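Presented below are the structures under discussion, each in the form of structure tokens.
Each of the two complexes below includes chain A, the first together with chain B, the second together with chain C.
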Partner chain A sequence: MTATTDAPVRPRPSSAARAVPLTAARLLRIELRHSPMPWILPLIAALFWFDSYRPSISQPPIWVLRTFWNMGQGHTIVDFGPFVAGMAAWIGSRDGRRGTSDLVTATARPRWLAQLVTWAAAAIWAVGGYLVFVGVMFGVYAHQGLGGAPPWWWVPVGTAAVAAFSAAGFAAGVFFPSRFAAPLAAFGAFVVMMLSSQTGFTATSGWALILPTNSNGNYEAVSGVFYRYLPDLPIARVMFLAGIAVAVLGLLGLPSGAGGPGLRRAAAVVTLAGVAAAGTAIGLAGTAWRGPYGIVIPALHDAANDQPVRYTPVCGHAAGTPVCMNPAYRRYLPDVTAALRPLLAEMAGLPGAPARATQVPGTYTSSEGEANPVVTISGRPPVLRVPLDALATLPGYTGFTGAPETEALFADQLRALSVHAFVGAGNGTGAPAQQAVQAALLLRVGVPFAVQANVMDAGNGPGPPPPPTTGPVYAAARRLAALPPAARHAWLAAHLGALRSGHLTLAQLP
Partner chain B sequence: MNVDITDLTRRFGRTEAVAGVNLRTGAGVFGLLGPNGAGKTSLLRMMATALPPTSGQLRLLGRDPGAYGPRREIRRRLGYLPQNLGYYPGFTVAEFVEYFALLKDMPPGQVPRAVAAAVEHVGLGDKARAKLRTLSGGMLRRAGIAQAIVNGPELLLLDEPTAGLDPEQRVSFRALLRDLGQRATVVVSTHLVEDVGAACTEVALMDAGKIVFHGTPDELTARGEGTGAAGDAPLERGYSAVLAAARSATAARS
Partner chain C sequence: MTAAGVQSSPSGAVPAPAAAWPAVAWLRLARLYAVSRRVPAALGLLAALGCLLWAALYWRWNIAGGPAAQQFFSLAIETGAAAVIAVTTYGPFGEPERATGRWLPWLRLAAALALTAAAFGALAAGATGGTLPGGTLALLRDLAGLTGTGLLAAAVLGGAFGWAGPMAYLLITETALSGAPATPWVWPARPPHDLGAALCASAVFAAGIVAVTVLGARDPGRR
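Now for the complex of A and B:
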């Protein structure tokens, strides 16, 4: 023990570089086998069923409508986020809780890389669980024969959100390795979700659109039916969420014990890249505007996505008039023909009576993302154009209302809006004579006066609600409705032109 | 020299756990004795590169662990069993050992055979597939030793390795230590002086952060002869005599 001698250096095998991925793969296999993340999946499955799937089945069987609750409003993310963050924090705090810090610190493999493997195992379970749950839900929807197309773009958003929550929770566990890390991370994730949703209630534009549970403009009811789901906002959100995940994982590589100088520089670059991606996504969201078919981000927008989806309509007949609809709404064809049948029979032979009825997409232009349910009659020969997606109610059980009620409401509203268009009342209430003729025709096709006001008011009907069922308008309507059919038909044939131009007065009604 | 320590200190706040230790040793089994709080564990943690020194110089396997590259090379050649062995309860013995073999950057192709050999070495071959949570304290200790030796370390640091082992296991463990000491530097921190007498070629005794004795077990035994120091065995009497002398010298200085 008199002189210091250098010990012989054991050369690393030349295949060391190739061995690194293999080592990582074997570490990942062990971590996957022992990750506690799967323990939380049954709980999430129960929540997912109650919160994401079950409420959605009260929506009409159209993909865009049924998935708006769980994918568009981000309920699937809310169901996963807090639990995944909490469990990831538990996993991240493992070495601190188990007292293995010294043991793992004294190993050659850079701590950061080992942590990334541990996180990857947790994330694979969490993201895998998300994809399986969403896949099963979509499978059930497909089995139920939903119309339209699934919102595929929103699956990567949820996937990125789950990955981001797992990364954030894991980092919290690594930096604060105590048994309280898990509940605090879960609560923090829950608060973030609530703030995101709360902000989404009010922020209909700007940077806040990037928040994963801000539902404004995520979907329009025409998406996946008449137009594609616009990928602009999903792309920005994936950038944002992936950027957060990458930045947080990069942070783990910055402390002095995480690895060598080169690795820590790489971690700094990764962190900055993540921050840049998230920041860019926020900036992109700030340029977003609500187009007629969804949120448009100019830098990400592909004009090809504005083209309508080609489809072969499904058609039926109502009182001899063809009624054609988008195949996504195929199951509503009997309801539509049944609703229009007495009306088209009443209109038959009159000037401007529709030669055909067809479903058209609603126009979504307001800041709230609502479309006015405006039925029009135009063209030569005249075509009755019905935006079914804009109606307040489609026939069927809604979770609050039974099928018979919604079927009646649907039929009444469709008749009312069609008659409103037929008398030329446009977007307003119409002139008194137009109101009277409208009321009379509706009475003839089975919509009592007492119901008409409610029907016209439902779902942002055109103009303010009609006046009470008393007064000169309804007196004239009663007189017109009481005429024999042939006399009423003859009077309408003679006066419809004047009525539509607004030149007819109440006094001129029979 | 596989371990070359000069004026090494480590402070925790106002407490100086290791106070200017000098130590050099090569291949063989080196026993580190001392009462509770003497600074053995802190010294071992610094030698394991798990704890940076406050001051002083430390060279391990001819390299300076203060720089990242050499530190990583040291860690590839290092085996470490902490005093309080943390473990992952859900892992099996084999997985636990494999996990640390992979973290030690062993070539993946060599890992399965090395894991099997290490587990057999500590007598846990029949428990290789048992979950760690199902093992007794002694078995856990042996699993810890298996992870420490799996990479065939050139420097093996064992903090209280025989705690919890039954007499039969301790006898076989000492044989293992002697075997490992043929090729590597094995530093064993222990309270049990009979382990030192049976397995160590060198011994150091620490007290209050300082090394108060460094020599062979026979030299330590000789220090106790004729002193009337407490102890059932000659080595224990040497231990007690050295400690008593060191403490009286410290008291006289203060």
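Now for the complex of A and C:
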């Protein structure tokens, strides 16, 4: 018997190479069929409706406002995360609970790869469910004719979060194979999400921006309406969440029974890559700064996203003055024109009276969705610039108010803010003479003194409310309002310049 | 070879201990049942949750926000305890156990009640770390109601998935609390002495106990 050293090496059958992915595909198909993850999806669907969709319908019909709660603040992730983590933990603990770990470790397929296939099946169900539920919700929103653009970038963030929760839960089940792995994974995921929400409410900068429940500075009412949603932070969040998922899945390949030395080295590399991705994402979030219309991460920022969205305004007329708005706010045009009509009629012919009214984007602070609703009059000819998105009194349900806002309150606030700008009172309450003229003009357009104090402060109005409706200011206002229209108009025409410059005193009012 | 002569015990044979000491047999049955349901591990977890509640109250872990936020930690820990109790209803034996264990309903009842009492004791001890929102009465009400949701979920979904009931209720409650709900079915939002909330929580607990006692957790044999 001789050694056949001269014999040609038999090439590996080409079918063998093809068999590996085919076997993996078959394994995946089997796991997809046997995964219990779909059983939890009906429960998640009910919770998704209750917690994500139902509260959103009380928001104004603008994409960014309607999805603020469920996408911006990550409630779709809160609805999925704990349950997906719990089910994944149950799936991951399967071999350990059944005492078959040694049996499956001895099979031809490396343990780690088999675990990855099992996790993949669970993740496919979970992520698929997330995409279907979000897709249905977006479809309903689209059917309702929301204004603006959908927040597409937040969908991959949610997808990555669901995948990360499934990976973390699965790993918990593998490493702690017990019937209690599932409830503890779900409990842990819920606590993590709530802590993330807490941090998201308060942290306006730094690493905490990476949390998918943090909407500070990056989900404002102008997004998708006047400006694009900036994708910088969503990209970093996807990196962070995907990094967590990859790192956790890599950990599964580190134990001695997971596979051969080569495979375990590969698992170590995968783990490090995941940690690096998550760490890099946190570092990128730390470099973020608040741009005019969202969070900017310099390393990820594309200047093209800073360009305003082009649109053809929708216009109406109020007392002969054009009133133009962003088409996303089309349904509020009748309310705005109705509110401005008596005011613009009262101002007509006076120096600095608006020749046009237009909607402008609000200017937002670094906190969560808050803007100062400052109405201005500027330009030649003068233009009344109304940041409608910054007003918290849009007719109908806004936010989580118990009752809908009325058209009357909206009209009163819009008139008050406009008159405030007209008399040149600036960001404060204004000089006493300005307060008096403002009160008189508002009284003339149907806003009683008693209401004025409230509407000026409604929805974070500019500065503190005016003083009570007594005293010299209101006495002067009553006198001015009592004048015949022609006389009042003539007095205003003669004194508006001095009034706006702050040189007029109460004693100089008629 | 025949069986003749084996109808009586040979001289000197000792009677079976179980027959001689029914109480010992009962204890052995209860112990085996408890072990099969991982009751010792559950007791350890409940103790750990009690410690967690103590730490949360002692160091005043809190989250920003309204009533939902203020109650969050205590409510979440009570939910965790209820989830642990629900999962203990999972039995690995399925049909053989049901066919042969005539005392099974009583064992289920005893285990559920004992674990609920243990959870209340552990959490009440943990509540000494600080001021528990609503006090001990609210703790009892909320824990009982949450445990009821877990037992009901175990009866419907299976013992292994009983945790989904309390978790779902917690999520619903957290959402509902932000809107100041008036319904007693969101009992954590009601004052401790609210009769309607207490009745609702008690009803859910009773329904869960009855379901698990009579029906048991859904058969896990197919999973």
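Keep in mind that, in the parts below, the second predicted complex is superposed on the first by the 483 of 510 C-alpha atoms of A that agree within 3 Å, B and C clash if a C-alpha of one lies under 4 Å from a C-alpha of the other, contacts with A are read in each partner's own complex, and residues count from 1 in each chain.
Quick note on the criterion: a contact is a pair of C-beta atoms (placed from the backbone, for glycine too) under 8 Å apart; a residue touches a chain by one contact, two chains touch by 3 or more.
Keep in mind it's a predicted model, so treat the numbers as computed, not measured.
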First (chain B), second (chain C), both or neither touched by A:101: first
Thinking of the overlay built on chain A, is A:55 touched by chain B (first), by chain C (second), by both, or by neither? second
If we overlay the two complexes on their shared chain A, which of chain B and chain C does A:23 touch? Say first, second, both or neither. first
Contact-wise, after the overlay, does A:289 reach chain B, chain C, both or neither (first, second, both, neither)? neither
Under the stated touch criterion, which partner chain does A:311 make contact with: chain B (first), chain C (second), both, or neither? neither
Partner chain(s) touched by A:152 [first = chain B, second = chain C, both, neither]: neither
For the complex, give me every residue of chain B touching chain A. 1-2, 4, 24-26, 45, 48-51, 59, 61-63, 68-69, 72-73, 75-78, 80, 82, 84-88, 90-91, 95, 98-100, 102-105, 107-109, 111, 147, 154
Over in the complex, which chain A residues touch chain B? Could you list them? 1, 3-7, 9-10, 12-13, 15-16, 19, 22-23, 26-27, 30, 33-34, 94-95, 98-110, 114, 259-261
Chain C partner, complex, touching residues on chain A are 36, 39-40, 43, 46-47, 50-51, 55, 78-79, 82-83, 86-87, 90, 178-180, 182-184, 186-187, 190-191, 194-195, 197-198, 201-202, 400, 402
For the complex, give me every residue of chain C touching chain A. 38, 41-42, 45, 63-65, 69, 72, 76, 79-80, 83-84, 86-88, 90, 157, 160-161, 163-164, 167-168, 170-172, 174-175, 178-180, 223
